[in-house]
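Here come two complexes built around chain A, the first alongside chain B, the second alongside chain C.
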Partner chain A sequence: MAVILENVYYKYDVEDNTNIEYGIFNINMNVEQGKTVGIIGKTGSGKSTLMQHLNALYLPQKGKVIVGDFIVDKKSKDLRNLRKKVGMVFQYPEDQLFEETIFNDLAFGPKNLGLSKEQIEKAIRGAMADLELDFDSMKDRSPYQLSGGQKRKVAIASVLAMNPQILVLDEPTAGLDPKSKKDLLNLLISIKNKRNLTLFFVSHNMDDVFLLTEYIYVMCDGRIVFEGSTEEVFKENTKLRELDLGVPFSVEVLELLEKRGMYKGPLKPMELEELADLLVGIIRGKND
Partner chain B sequence: MIKIIDLEHEYKKDNNESIKTLNKVNIDINKGDFVSIIGHNGSGKSTLAKHLNGLIIPQKGEVIIDDIKVIDDNNIWEIRRKVGMVFQNPDNQFVGGTIEEDIAFGLENIGFPSKDMMERINYAAGKVGMGDYLKRPPHKLSGGQKQRSAIGSVLAMEPDYLVLDEPTSMLDPKGRKEVIEVLRTLNKQDKMTILLITHFMDEVVYSDKVIVMDKGNIVLQGTPKEVFNNKKMLKSINLELPKAAILQEIIANKGINFKDEVLTKEDLVEELWQLF
Partner chain C sequence: MIKDITIGQYIYKDSLVHKLDPRTKILASMFFMFGIFLINDISEYVFVLILSALTIFMSQIPIMKILKGLKPIFPLMFLTVIMNMFFTQGEVIFNWAFITITREGVYLAGFMGIRIFFLIIFTSLLTLTTSPITLTNGIEGLLTPLKRFKVPAHEIAMMMSIALRFIPTLIDETDKIMKAQKARGADFESGNIIKRTKSLVPILIPLFISAFTRADELAMAMEARGYRGDEGRTKFKELKYRLTDIIIIFIFTLILILLFIRKIAL
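Up next is the complex of A and B:
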């Protein structure tokens, strides 16, 4: 499903002497079906408010949100069908696990959609398989007895069990250790491909954003301040720093090399293998 | 100093199966040290931390804080005066309506004289760079500011030791940097003893000592360089090296060797400069 936002505006009613406006203002986005887009911006820049417009948890005060055939504006009603299509994984989603067994936790959403017993089990099996959770050995266990990484997977599976077509991930790996983090990111990439989802990825980890996304919207004070392909956005390291955002590791290293006069090329993000090749090239090129 | 001697801990699951979360753990922490503990979720590092101020009483083995043994509820308040704790989630630790009230809360609890209170609040907030925000409510603070305030509230009690259990894992990169900088300054300038539990490798490179835990055991202990030198062991327990160290390995596989182990991007560029 494609997602289009047209001049979306939502202002919070805050009593405050500071005159600062909180909310999102005149947001325009055009995300094609199957794309993976990153939303970056410092804490308080409006990322979460924006994401909560995608499944109409917030209705825009002005403008409209178009998700597939659904058009949401300030007067929209009966949004259940839309909410089925847009799966939201908020930060620390495991805080929302509440049932006695993993099966019941995963069944909660599909049941509310009015699916039959067979359909529910099928959806749960599919979601658990996608997250590499074993259905037979885990379905009757309590979610509370799982490790942090496993709990997170169950929470994400409970969103996937609704068979969404759009998935919004807000810092999905926060608080996990490096191994669980890497595993989960890889899983999410394969789930996205397998289910042909449109993916929105909100994160502060620029290396993860670089790895996952093909297009990025950068937010500040409730506005999109610039956007572009992932490669283009990360070339703007000075701009990103001004916005209190980090830059990928490779860019930091290349900046240091540039300062020492050892490198003159573009400061672009890359994976460690590619960076290693470039560094080896610098040393060999000098000594040959 | 803090002495942990043959500390063991196990807990029983619902099905009566018991899990050993700490297995004969021995650690010495000297006054003024900056010690980091790294390990996976479930490696036992948080269980260990909770032993340090009596949130968990040793089942077996000993925890001794400056000659006081953590034994039972009778000496727990004395221990808690000595060992201040900061936890992961900044929102769960804020009890006051403003930073000032939050710091005052702890002080009132210990019967701190009210005529000296403002001075102490200013001192503690100043130490964490929050002196200008005393009247701010928590929802007007960034994650990093909240976590710094939490550290301030603990510092107001003038503890001898500061234990932080993953204080940065819920923060954005800017907040993480702020908190780590505050900790480094407290350690350097005020000689505060710090025990930092984390799974961010980049945060431990500045410690005096790094302790690596896996499945309730201490598997490595030493200076950051000594620890990260042990690449095989770290890999076998699935701990990721700092990015600069990974890069060093890839480059070594391509036939270029550095003189020394690198842990930070600055180290890395220095080594490259030597070869350039």
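Up next is the complex of A and C:
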């Protein structure tokens, strides 16, 4: 499903004297089916507000959000069909778990959609398999007995069990240990490909964003300040720093090498393997 | 959506009322409340009105802010007035179908309305001019003499201030969980009362769990910083009665006594 935002505007009612406007202003986005899009920006830049427009938790005060055939504007009603299509994984999604067993928790979403018993079980099996959770051994356990990383996976599975076509992830790896984090990111990539999802990824970790996304929107003070393919955006290292954002590790390394006169080339983000090859090249070149 | 709730909306001003000792303000408010229920005479209410107006003026709180506090109480006030008007026995002055209004009913309804009005005005003035922390400090101060009778004054005050402190946090948390469940297709608005009550389970359970976790963490953090209850604990802001406090308490006590004497004499 494609997602289009046209001049979306949402302002919060905040009674204070800071003269700062909170919300999002004149947001335009056009995301094709199957794309993976990153949204970056410092805390309070409007990322979460924007994300919550994608499944109509907020209705735009002006403009419209078009998700597939759904057109959401300020008067939209009956949003359940839209929420079925757009899966939303909030920050620390394990906080939403509430049922006695993992099975029941995963069944909450599909049940709300009115699926039959067989359909529910099938959806849960699929979601658990996608997150490498063993259905038979885990379905009757309490979600509260799990480790942090497992809990996170169950919470994400509970969203996937609704078989969404669009998945919105808000800092899905926050607070996880390095291994769980890496595992989860790899799982997310394979889930995205397997289910042919359109993926929205919000994160402060630029390496994760680089790894996962093809296209990035950069937000500041409720506006999209610039956008472009992932590679293009991360080349703008000074611009990103001005916005209190970072750059991927590889770009940082290249910057430092450039400063020391060891590297003269584009500051493009790359995976660690590629970076290692480049460094080997530099070392060899120097030794010659 | 649920962020509109405001409790103890303290407004900072550099006024005489703000500077009073919280104990004075609590005591004065209590005396005032007793007082208005002793009054049975319009002329005395004029005096109460002047007293309230003077206090509000001295507190520098905008009058609109105080009147705003009346809004949620309005239905209750209205109900009380109506009930008193229609269901009081006495000399009939109006009779139509099953509706009977008596002279006594009108009087009582009027008095009740006025009493609730002043009650709310004065209590909201108390919370508007006293920060929650100072207020709980004041309550602790007033309860301290009762320690001799094993009243856990410090603990009560500590519990109150922690509860107040965590109201906004819990509201945020509720908001977040509600959204997460809505995104999973939960519906909190439609259906009959039983269905709607049931739909709260997915909010309440995570909320309880996080509240308990938070309480646990807070308790540990407090212990780590050496908290061991009341004993040996010193205060950053010592409560101290000043001359103005003594004068205010004297005035309010005097008013209460005079009203009492008048009531008995009549």
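We adopt the following convention: the second predicted complex is superposed on the first by the 288 of 288 C-alpha atoms of A that agree within 3 Å, B and C clash if a C-alpha of one lies under 4 Å from a C-alpha of the other, contacts with A are read in each partner's own complex, and residues count from 1 in each chain.
Throughout what follows, a residue touches a chain if its C-beta (ideal position, glycine included) is under 8 Å from a C-beta of that chain, and two chains touch if they have at least 3 such contacts.
These figures come from a predicted structure and were not determined experimentally.
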item	value
Which superposed partner A:Ile282 touches (first chain B, second chain C, both, neither)	first
Partner chain(s) touched by A:Gly175 [first = chain B, second = chain C, both, neither]	first
Touching partner for A:Val159 - first (chain B), second (chain C), both, neither	second
Partner chain in contact with A:Leu57 - chain B first, chain C second, else both or neither	second
Touching partner for A:Lys42 - first (chain B), second (chain C), both, neither	first
Comparing the two partners chain B and chain C, which touches a greater set of residues in chain A	B
Partner chain(s) touched by A:Pro266 [first = chain B, second = chain C, both, neither]	neither
Partner chain in contact with A:Leu97 - chain B first, chain C second, else both or neither	second
Of chain A, residues touching chain B in the complex	42-44, 142, 145, 147-149, 174-180, 182, 204-206, 244-246, 249, 252-253, 256-257, 260, 262, 272-273, 275-277, 279-280, 282-284, 286-287
For the chain B and chain A complex, residues of the former touching the latter	13-14, 39-42, 88, 142-143, 166, 169-170, 172-175, 199, 201, 238-240, 243-244, 246-247, 250-251, 254, 256, 265-266, 268-269, 272-273, 275-276
For the chain C and chain A complex, residues of the former touching the latter	173, 176-177, 179-187, 201-202, 205-206, 209-210
Sites on chain A touched by chain C in the complex	52, 55, 57, 80, 83-84, 86-88, 90, 93, 95-98, 108-109, 112-113, 144, 158-159, 162
